[in-house]
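Shared chain: subunit A. Partners: subunit B in the first complex, subunit C in the second.
What follows is the complex of A and B.
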């Protein structure tokens, strides 16, 4: 095996472990930030400052009993969390998170910090996002419980509605950067205008960025769009009947999807690993900082805004967000055509 | 062809197997899922043919959008078990109305398939890599195939208007 192949396999494993641990970190951050916003302490007993709390959570979930309702469809009930988790992991495969590196001269050919460099990467992300709805819908249907079914139906309606705006916001970025490869889109954002403003797409596409983040929150079913699992109405929505590790898989999928949406937003709108002060080989630090900021924004939103009403959500998606993203796309296309941005 | 023949046979077997199982299921939800599996295998075949764009579009449009609506309808109709209301000993061509029509369609499709397969290699094949570039596909779509493209969009508009009219009639 060539060193590059070994490095590639190592990178794949690294991304896998990194995503798993990012979910653990996010669980801790979510609880700590929630506590901060609600003026309480949050977890502080397990480990220093409660840092081992996620580990305790995982151990607790592992030793819980795996329950399945008698009327549930056994095969699909088992399959649904697997679909959710697989889609969550798969989407990150095409997301680059740093410039090429040789690991301090260890490799002859520089290794790109991306699991798979596909030239239609954006569309792959979109395709996997559209597949992840099956995990939730099937979980809702196969549980054979009314709360689960309602949660599943709501989530599929929500994800179908917001996927359109999500895709159109992405399309506007593609027009500006003139490529479908995420690496090229990131590289087109290097440098700055007049040495002050970084050449990030967010400044060319402010509306697109807002649409993307809004639709991204809806796609990952987070508050204020967490209808599939609205506690007051649906107990826990599509995962009402799940326990133990199959519940943990849905939980994991939600956090990994958040990380993926933030990472894609960083790559497409916030200049990826480009930033001042650091050499390009350390660009991944900038990437981590930006993703971390977006994830904090996610948590902040959840504990600040109340949940919308279901009809408000649908009206907002179809009558505000979708027309806005169509107009944004048209204006961008006209701008690229007549001014050659 | 960039991939190995082994991958081709794997994807082809999954596609054909899943498609056959679609009609063998009693539970329509399983049929929908198997059809998604078949679409996934088809998209794998597109990747082997060096057409990643077509492969991804296949997933987005068919597996991601159309099949979700299928699943939606199947779940809302709540008809998990299909009862057969015909005598299975009677030949398909002699069964009542729709069955006979379906059998006739299947027959016509079989004849068409034989006709197409015996003419393999004569179709206007694209040059290598012609379908791998999104720019080239876009260019062809809006120049050579502009008329069919626009006609299709009108067709979809008509279907949308029909849906709105049907939904408002109450």
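What follows is the complex of A and C.
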């Protein structure tokens, strides 16, 4: 085995562990930020400042009883959380998070900080994002519970509706940066205009960025679009009947999907690992800062905005966001041709 | 090829982790099933009937319209990559393509397939008056 291959496999394992811990950190951050916004303390008993709370949660869930409704479809019921978690992990595989590095001269050829360097990364992200609907639909249907079924149906309709705008926003970025590889898209955003404004796509695609983030929040089923688990109407939506670790898998998937949406937004719109003051080999610090800011925004939104009504959500998705993203794409295309970008 | 191998490894890791933790909790957790526990949750009331009843046809309509528009989005990716070579000619063709789709979109909108909540009854009332 060549050292490069070993490094690549090591990197894959590293990303896997980092994704797991990012989900744990997000559980903690969400509770702490919620507490901050509501002038409470939040978790503070387990470990210093409550930092070990997610670990305690996992141990507790591990020792809980696995429940399954009598009339549920046993196979699909067991499969649904696993599909959700797998899709969440797979989607991050094509997201680069830093410039190439030789690990302080250990490797002959520099290694790119990314699990998989495929030249159609955008398509892979789009494809796996569509796959994650399956976990939710199967969970809703197989439970044979009214709340689960309603949650699953609503969720699938919501996710496929916003996927169109999500895909069109991605297509507009492709137009601007002229590549399907995320690494090349990030590198096309290096430098700055007139030494003041960084060359981030968000300045060329402000509407696209807004569409992407709106659709991304709807895709990850987060407030104000958290209909699949609208507590006040549907108990817990598609995972009403889940308990123990199967339940934890849905939460893991939700948090990792949030991280992926934020990471893709950072790469495509916010210049990825490019930023001032730091050499490119330390660019991952900028990447983490930007992803962290977006994730904080996610949590902030959840505890600030009330939930939409379902008909408002569908009306907004089909009658506002979809036409807007088509117009954005055509205007971008005309701009690219006119200014010869 | 190495890139795709890494994606496969990632999928295997994700699936393996999920499978193992679910199985582990099945082993570690207690198992004392009872009739109440294995009934579907209906806010403490005895469950009524089967959950898999007829659902609103709206969800099927949304799925069908989604298929049409999603294929359109998939068509646009290669076009977006090739636009610089195609020039204004290619742009005009996609505008034409969009105009054709727009006709379908307007039809679907006017038919009320995108209406949710009370929009539909209001549209019907407007037609009557």
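Simple rule for what comes next: the second predicted complex is superposed on the first by the 341 of 341 C-alpha atoms of A that agree within 3 Å, B and C clash if a C-alpha of one lies under 4 Å from a C-alpha of the other, contacts with A are read in each partner's own complex, and residues count from 1 in each chain.
Simple rule for what comes next: a contact is a pair of C-beta atoms (placed from the backbone, for glycine too) under 8 Å apart; a residue touches a chain by one contact, two chains touch by 3 or more.
Keep in mind that this is a model prediction, so the values were computed, not measured.
> A:34 contacts which: subunit B (first), subunit C (second), both, neither?
In the superposed model, A:34 contacts neither subunit B nor subunit C.
> Tell me which partner A:76 touches in the superposition: subunit B (first), subunit C (second), both or neither.
first
> Quick one: name whichever of subunit B and subunit C touches more residues of subunit A.
It is C that touches the greater number of subunit A residues.
> A:180 contacts which: subunit B (first), subunit C (second), both, neither?
both
> In the overlaid three-chain picture, which partner chain does A:210 touch, first (subunit B) or second (subunit C), both, or neither?
Neither partner.
> Answer with first, second, both or neither: which of subunit B and subunit C does A:133 touch in the superposed model?
A:133 sits against subunit B, while subunit C stays out of touch.
> Under the stated touch criterion, which partner chain does A:123 make contact with: subunit B (first), subunit C (second), both, or neither?
Both partners, subunit B and subunit C.
> Should A:160 be classified as contacting the first partner (subunit B), the second (subunit C), both, or neither?
both
> Looking at A:51 after the superposition, I want to know if it touches subunit B, subunit C, both of them or none. Which is it: first, second, both, neither?
Touch partners of A:51: none, neither subunit B nor subunit C.
> Is there a shared patch on subunit A that both subunit B and subunit C touch, and which residues make it up?
118, 123-124, 141, 149, 153, 156, 160, 163, 180
> Taking the complex as given, what residues does subunit C use to touch subunit A?
So the residues of subunit C touching subunit A come out as 2-7, 9-11, 13-15, 17-19, 21-22, 24-26, 28-33, 37-43, 50-52, 55, 58-59, 62-63, 66, 69-70, 73-74, 76-77, 80-81, 83-84, 87-88, 91, 94-95, 98, 105, 109, 114-119.
> In their shared complex, at which residues does subunit A touch subunit C?
Checking each residue of subunit A against subunit C gives 5, 8-9, 12-13, 15-16, 20, 61-71, 78, 81-82, 85-90, 92-94, 115-118, 122-124, 141, 143-149, 153, 156-157, 160-161, 163-164, 167-168, 171-172, 174-175, 178-180, 235, 240-241, 244-246, 248-249, 309-312, 314-315, 318-319, 322-323, 326, 329-330, 333-334, 336-337.
> Show me the residue ranges of subunit A that touch subunit B in the complex, using the header's touch definition.
Checking each residue of subunit A against subunit B gives 73, 76, 118-120, 123-124, 126-127, 130-131, 133-134, 137-138, 141, 149, 152-153, 156, 160, 163, 180.
> What does subunit B use to touch subunit A in their complex?
That would be residues 29, 33, 36, 52-53, 56-57, 59-60, 63-65, 68-69, 71-72, 75-76, 132, 134 of subunit B.
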